[in-house]
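Heads up, the next two complexes both have chain A, just with different partners, chain B and then chain C.
Here is the complex of A and B:
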C-alpha cells in the first residue's frame, strides 16, 4: 500500500510541477498577478509530494519490503539500518528520486528565501525549475519507477553493492546531487533573466549566493568521493579520471568559473552574456554527467545498470533543456549591453583569464571523457587517452592558474598600474622564489622539480594573500586584529571567504605535490611475527584471523606500527567477502595524520599464515581533502556576507505586508 | 550581424555534441567493431613484464586460443575484472595474455603480487607502441585471438560473469570446435 502511495505522490508532484512550469511564467508575461503568486505554493506542494514519495521508499527499505523490485535488488535483511537508508540511492531509480527530492527542495528554498525579489522574477525562476522537474518526474515515471512491484516476492534481497556499504559513500551522492541540482537555481535565474530581457547587477547579486551554495555542496561531494576512493578501493589513489569522476568535475570547473564571473557582473555589470552562458553550461554539464553515467555510453567502474531506453530519454531531455536554453541565449543575448569597460590590467582581466583557464580545463576534461565516443563516431583511429593524459593536461594548466590566483585578488577593479601591483606583491614573489631555491637544492634530478614548483606556488598563494589581507586592513584606524574582527562582522565576509578558499587551493597544491612525488609504497609477503621498516616506521605483522561482520565474513590482519621504540598505531586491515555475493572487498586500515598517513591493505593469503600485503606512506595526503574543505568553508563564509542578509532583512517588511493582505 | 552569429556558437557546439551522443547511444560500447576483426594480429614484440629478458610477441599468440587483455594499474575497471580473470586463468582451453598498457612496471607488478597473476605472459607497453597498432583506446579491453593468430572479437570494458557466459565462452567454444 505504501509503495503505491509513493507512486501516487510522484504523479501528483508531476502535475504540480507542470502547473508550476506553465502558470507563473504565463502570468509574468501577461502581467497576471494571481498566476504569478501561484509559483510559491506550487513549489512547496511539489516538495511535499516528492518528500512523501521519498519517505515511502525509505520505509520500504527499512522494513525490507522485497515486493518492491528496487528494494529486492538493492537491500537485504542483514544490511545494517544506516546502509538500508543509503541503499535508497544506491541504484538508478532511487538516485533519481533523491535528485528529484533535492530539486524540489531547492525550489522550496528559493520560494522561502526570495522575499526581496520582484514577483515576476520569482515566478519565472520557479517556472524554469518546474520545467526541469517535469523532465525528471517523467523520466522516473516512464522509465525508472522506484516503486515497481515484484511477484513472486523473493524471501531475501540481493544486497547492496559492497563497495557502497560505507559511510563516506552513503553521504557522497547526496552532497554531489545537492551541488548538481543547486546549479539548476543559477540556471533558472539565468533563463528567467533571458526571458525577461533584464540582465543586470541585481540579477547577479540574486543568483550569487545560490550558486556559491551549490558550489560548496559540489566541492564537498567531490572531495568525499575522492576520500572514499582513497580508503575503500585499497589502492591509495585519490583520483582516477574515471568518466563518472569527470562528470562531477566538469560542472565544478564551470561552476568555479561562474562564481568568479558573477562577481564581475555584480560589481561591474560586465561579462553579462558570458556569465549567463556559464550558468547554462554549469547545469548543462550536470545533466550531461547524468546522461553519461546513466546511459552506459561510457563504461566506468561506477556504472549503474545501463539501459538504452533511459539513455534515449535523457538525451531527448538534454536536447530540450540545453538546446532550448542555448537557442534562447542565441536569441536574447545579442541585445544585452556589455557594460563596464576595463583596462588590460584590472580585476576584470584577471577574472577573465581565470574563466578562460577553467573553461579550457573543462573542455580538455570533456574531450578526454568523450574521446572514446569521438573515436567511435569518426573512426579517427589512434586516439587514446587515459590517466597519464589527464595528468599531463592538469600539470600544464594548474601552475598558470596558481600564479594568476596570487595576483588576481590584488588587482583593482577597472584599471590598475603595474607599479602599484609590483609594490604590493614583490615581497610575496621574493619569498616564494626563496622557497623555490631552498626546496630545489634538495631535488636530485629534473623530475624532482615538480616538488619545489608545487611548494613554491603554494607559498606564493599564502604570501600574496597575506599581503592582500594586510593591504585591506592597512587603511583602517584600529590595530589589525580589531580591524579584522570589525571587517569580518561588517561587509568583509565575502572577502575573507575568498581568502580562505584560495588558501584551500594552496593546501590542495601542497597535498597533491607531496603525495604524488614523495609517497612510498611497498608490496611484501609477511609471515606472522615479521617486521618491516619503511619511511621511519616499523610495521609488525601479528597475523590474520577470521572475523564475522553483520553481512560479511572477513580475514582481518593485525599490525602494530612503531616509530622508533614507541608504538603509534594498531591497524586491522580486512579482506571481506559479503554474503550477498560479489567480489571480495579490501578494507584498508589507515593511521591518519596531519602530515602523513600510513596505510596497510591486505592482499591474498599466500599459504602458511603468510599474506601478500601493501604498505603505504602518504605524506600530506590529508591536505588534498582539507584543502577542498577549506574551499567549501570559504564559500560558506562568503555566502554569509552581510549584503545578502541585508537584502533579506530589508525585504521582511514588505513580505510581512503581503502576508497580512493575504 | 556578425555579433548575433557569435551567440549561436554554443548552440552549434551543443548540436555537434548531441550528434556524437546519438551515435554513441546507438552503439553498445562493449561491441564496438574493431577494424582489426578477422585480421591477423599486428606483428609486435614487447618485453615481458615480470621478466624483461624474455619477450612477448605475435608468435606467442599462435597455436592456441588467447584472450589478450589490455590493462593498467591505474584503471579502476581493470581491478573490477581482475577477480574474473583469476577464475578464468584456471581453465585450460585458452591462455590469457596481458597487454600492460601505459603503465609503470612497478605499479603493474604490485597489482599482480597483490591480487594474483592470471596472465600466462604480459607484454609491457608503457608508451602505447603496440596498443596503437591494436587500436586500443581504453582499458580494459579484451581481444579474442584464435589458434591461427587472427583477432576474432574485441570486448570493451570489464569482463564479468555475464559477459563471459553470454559472449566470450560461446565464442571460445566455437573457436575450439573450429580448431579441432
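Here is the complex of A and C:
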C-alpha cells in the first residue's frame, strides 16, 4: 500500500510541476498577478509530494519490503539500518528520486528565500524549475519507477553493492546531486532573465549566492567521491579521469568559471551574455553527466548496470534543454546592453582569462571523455583515452591558472597600473622564486622539476594572498588582528571567503604535486612473519585470520608498521565476501596522517598462509581533500556575506556598477 | 577606437590560445589512445605489434592459473570464436572471475601472449563493458543475453 502511495505522490508532483511550469510564466507575460502568486504554493506542494514519495521508499527499505523490485535489488535483511537508508540512492531509480527530492527542495528554498525579489522574476524562475522537474518526473514515471512491484515476492533481497556500503559513499551522492541540481537554480535564473529580457547587475546579485551554494555542494561531493575511491577501491588512486568522474568535474569547472563571471556581472555589469551562457552550460553539463553515467555509452570503471532506453530519454531531454535554452539565448542575448568598459590590465581582464582557462579545460575534458564516441562514430576504431593524456592537459593549463590566481585578486576593477601591481606583489614573487630555487636543488633530472614548480606555485598563492589581505587592511587604524575581525564581521565575508578558497587551491596543488611525484606503490607476496621496508617504513605481516561481520565474512590481515624502531601503526586490511551476493570486496587499511598515509590492501590468498598484497606510501595525499574542503569553506563564507542579507532586505537592487572591492 | 583595438587583442590572444591548445591536445591524444580488439581480431593479427592496445571478452573457465611468485596470473580471454592467452602481474580487481567479461590493456609478446599492464575492474557484477558486449554479439553468442538480463532478477541469499 505504501509504495502505491509513493507512486501516486510522484504523479501528483508531476501534475503540480506542470502547473508550476505553465501558470506563473503565463501570468508573468500577461501581467496576471494571481497566476504569478501560484508559483510559490505550487513549488511547496511539489516538494511535499516528492518528500512523501521519498519517505515511502525509505520506509520500504527499512521494513525490507521485497515486493518492491527496487528494494529487492538493492537491500537485504542483514544490511545495517544506516545502509538501508543509503541504499535508497544506491541504484538508478532511487538516485533519481533523490535528485527529484533535491530539485523540488531547491524550488521550495527559492520560494522561501526570495521574498524581496520582484514577483515576475520569482514566477519565471520557479516556472523554469518546474519545466526541468517535469522532465525528471516523466523520466522516473516512464522509464525508472522506483515503486515497481515484484511477484512472486522473493524471501531475501539481493543486497546493496558492497562498495556502496560505506559512510563516505552514503553521503557522496546527496552532496553531488545537491551540486548538480543546484546549478538548475542558476540555470532557471538565467533563463528567467532571458525571458524577461532584463539582464542586469541585480539579476547577477540574486543568482550569485544560489550558484555559490550549489558549487560548494558539488565541490564537497567530488572531494568525497575522490576520497571514497581512494580508500574503498583499494587502488590507492584519488582520481582516474574516468568518464563518470569527468562527468562531475565538467559542471564543476564551468561552475567555477560561472561564480567568477557572476562577480564581474554583479560588480561591473559586464560579461552579461557570457555569464548566461555559462549558467546554461553548467546545468547542461550536469545533464550530460547524467546521460553518460546512465546510458552506458562509455566504458567506465565506475559504471553500474545501464539501460539504453533510459539513455535515449535523457539524450532527448538534454537536446530539448540545450536546444531550447540556446535558441532563447540567440533570440534574446543581442538585446542585452554592453557592460562597463575595462582596460587590458584590470580585474575584469584577469577574470576573463580565468574563465577562458576554465572553459578551455572543460572543453579538453569533454573532448577526452567523448573521444571514444567520436572515433566510433567515424568508424576509426574503438579507443580509450589514457589518463596520461588528461594529466598532460591539466599540467599544461594549471600553472597558468595558478600564476594568474596570485595576480587576479590584487588587480583593481576597471583599470590598473603595472607599476602599482608590481609594488604590491614583488615580495610574493621574490619569495616564491626563492622557494623554487631551494626546492629545485635536489632535482636530478628535468622530470623532477614538477615538484619545485608545484611547491613554488603554491607558495606564490600563499604569499600573494597574504599581501592582498595586508593591502586591504593597510588603512585601518587598529592592529591587524582587530582590523581583520572587524572587516570579517562587517562587509568582508566574500573577500575572506575568496582568500580561503584560493588558499585551498594552494593546498590542493601541494597535495597533487607531492603524491604524484613521491608516492610509492608495491605489489608483493608476503608470508606470515615477513617484513618489507619502504620509504623508511617497515611493514611486518603477522598473518591473516577469519572474522565475521554483520553481513559478510572476511579474511583479516594483521600488520605492524614501524618507523625506525618505533611501532607507529597496527593495520587490519580485509578481504570480504558478502553473504547477499557473494561479491568479494577489498577493504584497505590506512594509517592516515597530515603529511603522509601508509596503506595496506590485501589481494588474494596464494596458499600456505601467504598473501598477495599491495603496500602504498602516499605523501601529502590528505592535502588534496583538505584543499577541496577549504575551497568549499571559502564558498560558504562568501555566501554569508552581509550584502546578500542586505540585498534581501531591500526590494530594489542598486543600478549599474559599483566600484567596490571584493 | 581604443576599446576596439583592445577587444581585437583579446580575441586574437584567445584564438591563438585555442589553436595552440587544440594542436597540442590532438597530437598528445595520438600517443595516448589505445584501440580495442576482440580475440578474433588478435588471432587474425589485426592488432598493432608495437603499441599498447586493449583486448576484451569473457574469461574462459578453468584457465585462471597463479604462477610461482604468487603475483603473476595467467588466464585466457575469448569471444567464443577465438582465444587469447593473457599474463598479468599484480593484484586483480575484486570482481575478476572466470566466465565474466573483462578488458585488459597491454601489448602482445613475441610468444603470442598478451602481457596486460592493467585489467579493468567493474563496480557491479551485472555491468558489461560495451566493447565486450559488442564483441560477443558479433560472434553471435547467446550467452551474453543471459549475462546482461540475468542480473535484473533478484536472487535469493541461499545462492
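Quick notes on this structure:
One rule holds in what follows: the second predicted complex is superposed on the first by the 641 of 662 C-alpha atoms of A that agree within 3 Å, B and C clash if a C-alpha of one lies under 4 Å from a C-alpha of the other, contacts with A are read in each partner's own complex, and residues count from 1 in each chain.
Quick note on the criterion: a residue touches a chain if its C-beta (ideal position, glycine included) is under 8 Å from a C-beta of that chain, and two chains touch if they have at least 3 such contacts.
This is a predicted model, so every value here is computed, not measured.
Residue contacts after overlaying the shared chain place A:432 against neither chain B nor chain C.
Of the two partner chains, chain B is the only one that A:240 touches; chain C does not reach it. By the document's definition of touching, of the two partners only chain B reaches A:273; chain C does not.
Residue contacts after overlaying the shared chain place A:614 against chain B and chain C alike. Contacts of A:373 after superposition on the shared chain: chain B is touched, whereas chain C is not.
Judged by the touch definition given at the top, the superposed model places A:161 against chain C, while chain B stays out of reach. In the superposition on chain A, contact is made by A:333 with chain B only, not with chain C.
By the document's definition of touching, neither partner reaches A:37: not chain B, not chain C.
After overlaying the two complexes on the shared chain, residue contacts for A:318 are found with chain B alone; chain C is out of touch. Of the residues of chain A, those at positions 233, 296-299, 301, 371, 375, 381-384, 386, 388, 523, 583-584, 601, 603-604, 612-614 touch chain B in one of the two structures and chain C in the other.
On the chain B side of its complex with chain A, the touching residues are 3-4, 6-8, 10-11, 14-15, 17-25, 27-30, 32, 35, 72, 74-77, 79-80, 83, 101-102, 109-110, 113-116, 128, 131-132, 135-139, 156-158. Across the interface of their complex, chain C is touched by residues 66, 69, 72-73, 76, 150, 154-159, 161, 163, 233-234, 296-299, 301-306, 341, 343-344, 349, 352, 356, 360, 364, 367-368, 371, 375, 381-386, 388-389, 392-393, 396, 523-525, 579-586, 601, 603-604, 606-607, 610, 612-614 of chain A. By the touch rule above, chain A contacts chain B in their complex via residues 233, 235, 237, 240, 242, 273, 277, 280-281, 284, 288, 291, 295-301, 308, 311-312, 315, 318-319, 322-323, 326-327, 329-330, 333-334, 370-377, 379, 381-384, 386-388, 521, 523, 583-584, 601, 603-604, 612-614. Partner chain A is touched in their complex by these residues of chain C: 3, 6, 9-10, 14, 17-18, 21, 24-25, 28-29, 32-36, 54, 66, 69-71, 89-92, 94-95, 103, 105, 120-127, 129-131, 134, 151-152, 154-159.
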